[in-house]
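Structures for review follow.
Here chain A shows up in two complexes: once beside chain B, once beside chain C.
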Partner chain A sequence: MTLQQVIFIILAIAVIGSALFVVTTSNLFRGALMLIVAFFGVAGFYVLLDNGLFAVAQVMIYIGAISILIIFSVMLTRGMQAMIPRNAQAGSVAIAAALLFLILLLAFGPFRLVVDLSGVPILSALFRTESARVLGGVPWQFANREVPETYIADFGRALVDLNQFLLPFLLVAFLVDAVLAGAIYIARQRKPAEVIAEREAIAKEEAEELAALQPQPTAPTLPQGAIASTADH
Partner chain B sequence: MGLQNAINGIPLEWYLIVAAALFSIGLYGVLARKNAVAMLMGVELMLNSVNLNLLAFWRYLAPESAAGLAFAAFVFVVAAAETAVGLALIIAVYRSLKSVDPETLTQLKL
Partner chain C sequence: MDAITNLLKIISDFVAELIRSVLGFSPLLAELVTMGIAAVVLITFAALSFMGLTYVERKVVARIQDRLGPNQAGPFGLLQPLADGIKMFTKEDTTPATADRWVYNAAPLVIAVFALATYAVIPFAPGVVGTNLNVGVFYVLAIGSGSIVAILMAGWGSNNKYALLGAFRTVAQLIGYEVPMLLNVLTVVLVTGSMSLIDIINHQTLADGNPGIPHILMLPLPALVFLISGIAETGRSPFDLLEAESEIVAGFHTEYSGMKFALFFLGEYVNALAVSFVFSTLFLGGYAGPILPPYVWILLKAALVFFVFMWLRGTLPRVRIDQMHALNWKFLVPMSTVNLVLVMLVLKLFPTSESAAQAFGGLLVTPWVQTIILAAVNLGVLFTALTLAARAARRFRQAEEEMIMRRRAANLAAAKA
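Showing the complex of A and B:
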């Protein structure tokens, strides 16, 4: 077993263990911290894949920005900490997720289970005949080449090349622009007068609801019946 | 197992298995959590697993092509955008309803 394989297994255990902790813990703050561990592990995988650029990008974007945002919102919604972490469908969802993992493992793991879809009535119509054997049936064309030295420069040129990714690049730039404006608009602090007016309206509504509910518990049927029975005498 | 196609001694399948596990865990997190912030964490795990798959296929099948890198970069940007808007929405909802449980957000229900 080579050193890289040992590193891979350690990273895999760290990533999957911390991911499991993230989705099961009831302490969301610790979950957010373990999410950082998972992000770091994925950055380690990128290093093993000879892709230093994306390892650094992963650390900068996911750990530097997204994790901080998540930690901030966990702290800003502190009142929700005592909540039950799982909803009613958690059990069936766990089975579904385990089944999904099993299917992916059988199809793309070491077993390469081949499922022939050419005989299945509806699915074979969806795929062309040569790709009807989808799950594990399509052999991969391994390149067996080193990553070129200039892969970062090539990537940068491809992003601004009209024949490659210029249009998606501009669309994504527009998306980020819209997201900046939208996030600020959604989460903006409103003027105190607006907030006070809204709170007064809510308080008034609640008072009305309370007033509407009030007569029912204070007027039980028993005294009326008692009065009626005394009137009979 | 295809060890003759291994890079740094690691076959492609190892990455796929880890990514599949990460995706399933993230899916469970999205569907089973009662807190909107925790659901977003599950989405982040799923996006990470997708990126891991994209970059693993880039490395093993087409290392000289920029397509794998470009798709992974777009996933990065969309993930950041999704988190920013999602958390802004969650904070706004928490401010007005004092709850981040998706099951309490029934204002749009008829």
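Showing the complex of A and C:
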């Protein structure tokens, strides 16, 4: 066994174990923390594949940003610590996941069960070519070659190449721009006059509420029969 | 002379060769042991420098504030770190009754691991580097964001209001100051054309036909902003709002005592030292320098940057939390963005290589001319930004004062009536 294989097995155990913990624990905060461990393991896989850029991006985006967002939303959930959530659908979801895994294993795993989809009405229309219609019949190619030295530059060029990923890249850029504009609008700086006017309005409202709460002269009570008669109709 | 220059390289090669000859039967085991020894050496270096730095910092800040600092334990108080260490070890290790035990105990370990992980990519001399990642700069920034998780763990796990408040503040501050840091590192990467720390150092030396200009001359604005956001990222004074004792007791480490507290302390110092190393690598030319051997140069430069940190800590008062965020989002980020775009334009319009000049039709200039143009653009952006910020701040203050005067007049009128 090479060093790479040993590291791969350790990483796989860590990722699968922490992922299982995430879906089985009832403590959301610990679940979010174990999710970080799983993300780290995936970053380790990228390192094993000689792709440092994606590994570091994985750490930066998934651990530095997305996990923090998840942890924050868990923390800001009211009554987080007193609550012990129970998942009523755990059993059925587990069965569905196991079935899906079995299908994937049979279709694409070591057994290569060939399934002809040309007879199935909707699926055969989805897959155009004859070979795509046969699930599991595609032999996966293992390139088994070195990652080129210039892979970061290649990746960057592919992102701005019209024939490759320029459109998705621009769409993501547009989305991020829209999000930024929205954030700036929500958090915009208000003038001191506006803030003071708002505070005065709130104070006025509170004073009115307080006045409404003051003991009022008792309202004339309805005779007992009035309510009973309306209920009868 | 050559032996002294390459001392670290020779020692590391010797140790690697020794291990290979002893464990010749299994290259796998030899590789593992070599890596393990390298990791232990790096961690020991970081931990020892933490001990030394606590002493130096207390002495320097004491001198700035006209005090003596530690002077009882040993000559000149040199044994003070040792005494502090013994004290930390023998202190009672407390755990709050309602703490989330697992999270509470794991947090100091996680913060120490993330702090030490940065040292894996810092080059100490030619050929002496944990690993030469071709995305080294990006790695440093990514690992830095990991300490946010540890601080959140500490704040939540302690089950203490002040700790959680401190953790929230930390996240806002650290995520916020990551943005200008990234933008300015990106400027350096643009100029160099590589994210590898070794390539960035080489770009500042005379090797490979490079002009040998430290980036701080070329990019004074990114250097300044990197320094500011580096201080904020490590939570040091004047940005130490995460542990502002006058407001939230001690922030996220309120409930920690003994060795666990020491680990947080270690994380802070090791992180600050890592930022000094990265700063000297990005802007001061790293281990490159004349006469003295390279490992002395990098230590000298990092020590200089760390001294600036101590100096600021001894001189500046703590900023208010809204001031801190305003400085970041309204000043540093827009300024850095504008500067980044202008640097891109300058690099395309005034290229130093002939192929680039032919490809984009720019004006071919010598590296020194390009440096002067870049520095002029940088300083122009800085002074414009400062002027605009000063004008906006003055206008805002005047509006606020007017409002106060008007209310006072209204109150007086109401009192008279």
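Keep in mind that, in the parts below, the second predicted complex is superposed on the first by the 153 of 233 C-alpha atoms of A that agree within 3 Å, B and C clash if a C-alpha of one lies under 4 Å from a C-alpha of the other, contacts with A are read in each partner's own complex, and residues count from 1 in each chain.
Please note the rule applied: a residue touches a chain if its C-beta (ideal position, glycine included) is under 8 Å from a C-beta of that chain, and two chains touch if they have at least 3 such contacts.
Bear in mind that the values here come from a model prediction, so they are computed numbers and not experimental data.
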First (chain B), second (chain C), both or neither touched by A:F8: first
First, second, both or neither for A:V176, with chain B first and chain C second: first
Which of chain B and chain C A:F45 touches, first, second, both or neither: first
Which of chain B and chain C A:V59 touches, first, second, both or neither: second
Chain B versus chain C as contact partner of A:R30, first or second or both or neither: second
Which of chain B and chain C A:P192 touches, first, second, both or neither: second
Chain A residues touched - chain C or chain B, whichever exceeds: B
Set of chain A residues, in rising order, touched by both chain B and chain C: 2, 53, 57, 65, 72
Chain C residues within the chain A interface of the complex: 28, 31-32, 100, 102-103, 133-135, 138-139, 141-143, 145-146, 148-149, 152-153, 156, 159, 164, 171, 175, 178, 195, 396, 399-400, 403, 407
Residues of chain B touching chain A in the complex: 1-2, 5, 7-10, 12-18, 20-29, 31-35, 37-38, 40-42, 44-45, 48, 51-52, 55-56, 58-64, 66-67, 69-70, 72-74, 76-81, 83-85, 87-92, 94, 98-101, 103
Contact set on chain A toward chain C in their complex: 2-3, 6, 27, 29-30, 33, 36, 52-53, 56-57, 59-60, 63-65, 67-68, 71-72, 75, 81, 149, 152, 191-193, 196
Interface residues, chain A side, partner chain B - complex: 1-2, 4-5, 8, 12, 15-16, 19-20, 22-23, 28, 31-32, 35, 38-39, 42, 45-46, 48-51, 53-54, 57-58, 61-62, 65-66, 69-70, 72-74, 76-77, 79-80, 83-87, 89-90, 93-94, 96-98, 100-101, 104-105, 108-110, 140-148, 151, 154-155, 157-159, 164-165, 168-169, 172, 175-176, 179-180, 182-184, 186-187
